[in-house]
């Protein structure tokens, strides 16, 4: 055997600029938070807005994560993703209404049990619906973007209408469970309990997702599949099965996001998912289609910016997202953390 | 020779409207290194991809261990015991070297003894074990691609131009690894442009031209006959 | 002469020809054939939507890209006329200025969106148009001192075009300014439609179709794909804006729900796909069918829902308000099984 060829390590050559380029998207969040602090001036308002921005961002991330992974893995763009948000909200809220005694009690245990059951029901149903949606709507149009957009929009219309059939045409108002009402005050800033909970759930989910993607074999297969699906198959993995799993998980997460968003807004409508899709797409695009971490950063940026701008100049809140998207795409046309695609 | 690991019979493959493979017949004997040779663009890579299932054979038979692969999806062919090193190496550049190797072991965790053997064969991989594969040099990527295919004990390895553009020292490392693989009784179908490597490693040779096999025989015979090389490939392989 | 007028793009099916002629005759003679204000209103809407949908077909069917901003451009034309009429006072000059400015604004915005998103990745276009369109809708409802917000704007159009202008009787039917207004809409729509036919049958249109079939090859041959796609986007946007101006002239009212809403966007998608993508004539059939379905399918469903009252769930599924669901199902099925829509069927093409 010949001696190992003497290769100089290539890693020392990674320049500072390159490293900064990779870290830059992560730095945008603290930068935005600091900018928000100076623009708003009042620390207590700033803290309140930051918490609600983070809460909103976390919920959008939960809804967007499945969409972006589904695109990364199979190049499938699902405009019907919003339907799972709506269905999840209606299932979850129905369970909460049915468990009115639990949600009305001043017991954190009963309250949280009700929320847990609602979330479990919503995720089960939307997960199952995702499976059906993949089989019936998406599978026949693999590889054809135009048709994918059309049929998934069609699927969205049908599911929204079915919600009307089952739950009636009107919006449903709901109260948050007793112990999740109100706010706690910290350093003079009022922070709604529910928003803090949403931030917590979102953070835990993100960390869990990251762990799964980094530490488990299935996570490796997903990440490798996003980059080079054919090679993953050539190593012996059934990528389609993995993809269906991701689709179902993403749909269930959208359902979770729907319940959380419904409780956040305290009202649900069949069209809520459709409206959320706008933010979900912005987040997926600026994050880099296919990148879960990019979607996370994008979602937090959108949430924070929208809340800060809503405070400073209410009329421009929604437009701020478009401005953010434009700015980020000018900086990085493929999104903040573009996914490497093998050709 | 009586029981080859792989047999192709009259395999035809189309890519879009182009008829690339026009009836390919050859055998890969068990436990040997078979060289797949020929000029550029005669269908060598397409042949490997057709065996792997990345291109669909329009007609003909691909018998692996007596079983027709034609209806099996790519992943099933891999699980049946075929390892594949594609021309573009197929490295997952966002993943670390370790993660690439873990994915190579399809049916379970990476066997520690096998890992030790592979790291001894390709020491550079150990050096960069926890680094992103995308930052490796071209030669290191090529080694990773081969080591990844070998991370699981497979019966047959399809390897597409592993030495292209590599320094002689790396080529030697690679040739050694393939020899060790053969010593373990595994079969290899190797597409190779480098004549020295082909001569050193090959037991038998299959020469293709225009989507067909035009010559099969012992590698030694081809290596010793310059006229035959001129005839088959339009140039002497020594010239490379 | 007629063949030249339709740019040599004949319907290529006897049934289709008959249907198109029937629709043309009904629309041309609407004030005399149908009675009542509502029928005329329906006819005017059909004319306007044919242009709107045909303009969308230029993008979806011929260029192969999906936009969700078509109603936004429609709204820009409508608001152009509304704002001009509000600020310049009633008059034809206001209608003209409003239409031209609305169309120009639509072209500029389409150019920006197109260059921005198509340059990067065609798939971005659908998502970005959705985002921009929703932002514009929000802006319109928020800047209510300019746009009238959710209430919209009501304004006056030249007196000549209103029913106050009595012009006597023609063939036993009262001919008023409203009738004149209808013919303004009708002929403008006809001209715009013929113009679109000309565009898709021009060398430019053929390049678009080549790009739709295989953008890599088109680029390799030397066509600048981004430029062509962006140009098509601008033309489609201008058509939509002009249709919007006509709508504003007809309704004498604009509001977010009637011009900008996502629901109208979905309606347009349904009309194009059901009628037949990439055929232009599909826009005509799709629009007529859709508008009629909107009116009559609902009645039919109401009756069916009533008849099945005792059964579980079925009456709810057949509720007249759920007609969009059935159209949605039809839409999905059309994309799968009849990608060339009704027109494709009539022409007996192989569905792919």
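Should a chain be cited, it is by its letter among A, B and C, assigned in written order, with residues numbered from 1 in that chain.
Here is the rule we use: a contact is a pair of C-beta atoms (placed from the backbone, for glycine too) under 8 Å apart; a residue touches a chain by one contact, two chains touch by 3 or more.
To keep track of the chains, here are their UniProt names: C = Leucine/isoleucine/valine transporter permease subunit.
All figures in this text were calculated on a predicted structure; none of them were measured in a lab.
Using the contact threshold fixed earlier, the set of chains in contact with both chain A and chain B is empty. With chains reduced to the mean position of their C-alpha atoms, the one farthest from chain C is B. Here the CA centre of chain A is 42 Å from the CA centre of chain B.
In this assembly, the C-alpha centroid of chain A lies 34 Å from the C-alpha centroid of chain C.
Centre-to-centre spacing of chain B and chain C amounts to 57 Å, using the average Cα coordinate of each chain. Those residues of chain A in touch with two or more other chains do not exist in this structure.
Across the complex, chain A meets chain C through its residues 77, 79, 137, 140-141, 145-147, 149-151, 153-155, 157-158, 161-162, 164-166, 169, 274-275, 277-278, 281-282, 284-285, 289, 315, 318-319, 321-322, 325-326, 329, 333-334. By the touch rule above, chain C contacts chain A in their complex via residues 60, 64-66, 116, 119-124, 126-128, 130-132, 134-135, 138-139, 142-143, 262, 266, 269, 273, 313, 316-317, 319, 321-322, 324-325, 327-329, 331-332, 335-336, 339. Of all residues in chain A, those touching chain B in their complex are 1-2, 4-7, 9-11, 14, 217, 220-221, 223-224, 226-228, 230-239, 339-340, 342-343.
For chain B in complex with chain A, the residues that touch the partner chain are 52, 54, 73-75, 78-79, 84, 86, 88, 90, 92-95, 99-100, 102-104, 106-107, 121-124, 127-128, 131, 134-137, 139-140, 148, 152, 167, 169-170, 172-173, 176.
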